[in-house]
Amino acid sequence: MIELDRAGRTFKVKRATVHAVQDLSFSIAPGEFVGYLGPNGAGKSTTIKMLCGILTPSSGTVRVAGLDPSRRRTTLARRIGVVFGQRTTLWWDLPLRDSFDLIRLLYKVDRKVFDARLAELAETLDLGAFLRTPVRQLSLGQRMRGDLTAALLHDPDVLVLDEPTIGLDVVSKASIRAFLARLNAERGTTVLLTTHDLGDIERLCRRVMLIDHGRLAFDGTLEELMASAPGHATIEEVVTHLYTSER
Amino acid sequence: MRPTRRTPDNPRLPFPARPCTGPDTVGDHARTERRPHTISLYAQLVRYGFRKHATYLAGALAGAFTNSVFGILRAYILIALWQARPGLAGYDVADAITFCFITQALIAPMQLFGGGLTIPERIRSGDIALDLVRPAPLQLWSLAEDLGRAAFLLLARGLPPMLLGAVLFGIVTPTGVTRWAGFLAGLLLAVLTSFGWRYLVALSVCWLVDDRGVSVVSMVLTTFFSGMMLPLTIFPGWLGELARALPWAAMVQAPADLYLGKAPLLDTLALQAFWAATLIGLGAAATRAIRYKVVIQGG
Amino acid sequence: MVRTYLLLAWTWTRAAAAYPASFWLLVVFGCVTGALDLAVILVVFANTTTLGGFSRDEVLFLYGAANLAFTLCDLFVSNLDRISQHIKAGTMDTFLIRPVSPWIQIATDRFVPARFGRVVLAGAVLGYALGALDLDGRRLWMIPVMVGTGIVIFTALWTLAGALQFLLTDAPEVTSAFTYGSQQLTQYPLNVYGRDLVRGATYVLPLAFINWQPGLYVLGRDDPFGTPGFMRFLGPAAALVLALLAGLAWRQGIRRYRSTGS
């Protein structure tokens, strides 16, 4: 579903060349739920932007749902859903419900399909109470549930989540995790999740990838990740060990 | 009222070292119990206002570019008018061209399109309460910063249009010490009047749900009755007489006339001083009202 | 495309309609600010009967025709000049993950229907001028053509302004000189401006074709700068060329954004 072959991305910063991502190769099969870890500035966002077609890779190839994202950005847009935890893709001044209507028009979702889908999402994510509230008045947890709904209304094959649980309280986190697990299990949606919250990883991801300094530092199951650093009991310790020992 | 954090007082740093943070973040301290510090506090605030705007140099130069383009376009209109009516309003063509570039140069320092103060945002966010409990009065504090702002914008956005006007069309320059002194005094009084007006507009947010109306009305009155769009001296009949007596005339028309030497020096300065004092006095009363509203009634 | 545009614009109109008082307030204030330039023209003509050889009503005709096109574009596409804000706030990424052209999304973002008040004002001035002037009825067909040309040219200018902001993220005000500067320029007969400036506004940026060249035809007058008669009819062609260039520049801008990742 997602394939990267020696993908690289360089930036020019004041004449110096920075390799944000280099030689990155991995593939994700349909239906997988993959956690994508890495310290700040490791290249996570760059990878995600390449997957959505917002950034063109400077070397190698990227394929998502069989398409080259940077060339077929708008076609791909109908097949993937993206959530940026740090900012909303909803319309700030509009009621949540109007934002969803706009999404329906933009993605050309059939009204019947849309109504059924929205009813289902509103039920599972418990949106009923604030569908008529302008987005700017929503709490962070409500907004994130709204953003997730917006990303899923066109029933994408792939869902890319960039820190979806950032800043959320315990209850909101739990409800979003439960929802994502169900989505993946019942609909078979492929999910790529970047996060700094290792609880997300433990609860959701069978497979974990770790990126550091723009390169893939680890790719395997959660068990393998734990085994890779003997003597460290918790996932926090393992990841801290990997972040600090890789350099 | 939110609890106030205590930070150690450092008399040398009455404002935050980072120029990006507002006057606002100072909020917590800036204690000025000893008199000698007061002067240096306001001097520092003037400098701070200057530096804060100097960080947006690229934006200021872009604005200067746009002001210059508009200066050129408007200058041609005035040239055509003065060709049709030589000597109109006591100006010759060179005076009219100079007037036009002065108006463009003063747009930013006088903030003719409104704004320039952070007070409306702070009223909306409720942070104004922090400003009001400070021992330094809000109005004086804002004025000091605004003077710094005006000084920077006079250089960054005032000089380029004037220089361009001089190169492309030739502009007149004042002769003699008296005219220069009169012009500079007029400029200072113009900034004070502009501040006095904008401060009142800014505080009005406190009593209004939708403040867009006030800002548009202020913008219309200021751009049209300051002389920015056309010299007030060619406004016909009673409209002209009224326009020349209103406070906005003190912001552009008055300093421009002092520069050109087309207005009696003392009368012009007196009119400006009258409006500056009146508006700032009204501002002081408004500050008391808002303090009562925010501090006693709790916003 | 048009459908998507209208649907997006309609959503914002509905959102604005939720606050009718603010809406009508903005309509009125929009008219007042729009009327300032008109007031300037009237004050100028309170002091003179002709400007550059043109009468008040002729100037009002030129003003009305150009401003009808300008205000329509101000209503429908002027939000394009907020690109630098979208880039800084990161909302540009959001536009790019959707399956619709970012141009449409940005142009309609926070569409302000209240700006239609200025369109009405410009239309009224044009209507007044047409009534006051004694024009040759066989030449009036040019008026819709010139307004259409003006719409295309101003839209292209805003698109160019948007494209330029991909480069000038820190100094977006530069582009106002072209968009609002063009509005200022076209309010008066172009012969009041210097010959070089008018050459630039004819052959570099085809602003003269918004209302000046076709307007001379409608008014039945010769160009004081002596351009040949066929130039009166070149507006649509010039507008098309500028629109194509603007389209290319826009694509370059988007491409640059996607390859620099700013």
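By letter and in written order, the chains are A, B and C; residue numbering begins at 1 in each of them.
By definition in this document, a contact is a pair of C-beta atoms (placed from the backbone, for glycine too) under 8 Å apart; a residue touches a chain by one contact, two chains touch by 3 or more.
Remember, predicted model here, so these are calculated numbers, not experimental data.
Steps from chain A to chain C, minimised over paths through touching chains, total 1.
Compare each chain's C-alpha centroid with the centroid of every protein C-alpha atom shown, and the nearest one belongs to C. Distance between chain centres (mean CA atoms), chain A to chain C: 41 Å. As a whole-number value, the distance joining the C-alpha centres of chain A and chain B reads 48 Å.
Measuring from the averaged C-alpha position of chain B to that of chain C gives a distance of 30 Å. Residues 21-22, 25-26, 29, 32-33, 36, 39-40, 43-44, 46-52, 168, 170-174, 176-177, 180-181, 184-185, 188, 192-194, 197 of chain C are the ones touching chain B in the complex. Residues of chain A that touch chain C in their complex: 9, 11, 46, 49, 52-56, 70, 73-75, 77-78, 80, 82, 84, 86-87, 89, 93-95, 98, 101-102, 105-108.
Every residue of chain C that touches chain A in the complex is listed here, in rising order: 4, 7-8, 11-12, 14-15, 89-91, 93-94, 96-101, 105, 110, 258-261.
Only residues 58-59, 61-63, 65-66, 69-70, 72-74, 76-77, 79-81, 84-85, 88, 210, 212-213, 216-217, 219-220, 223-224, 229-230, 234-236 of chain B touch chain C when the two sit together in their complex.
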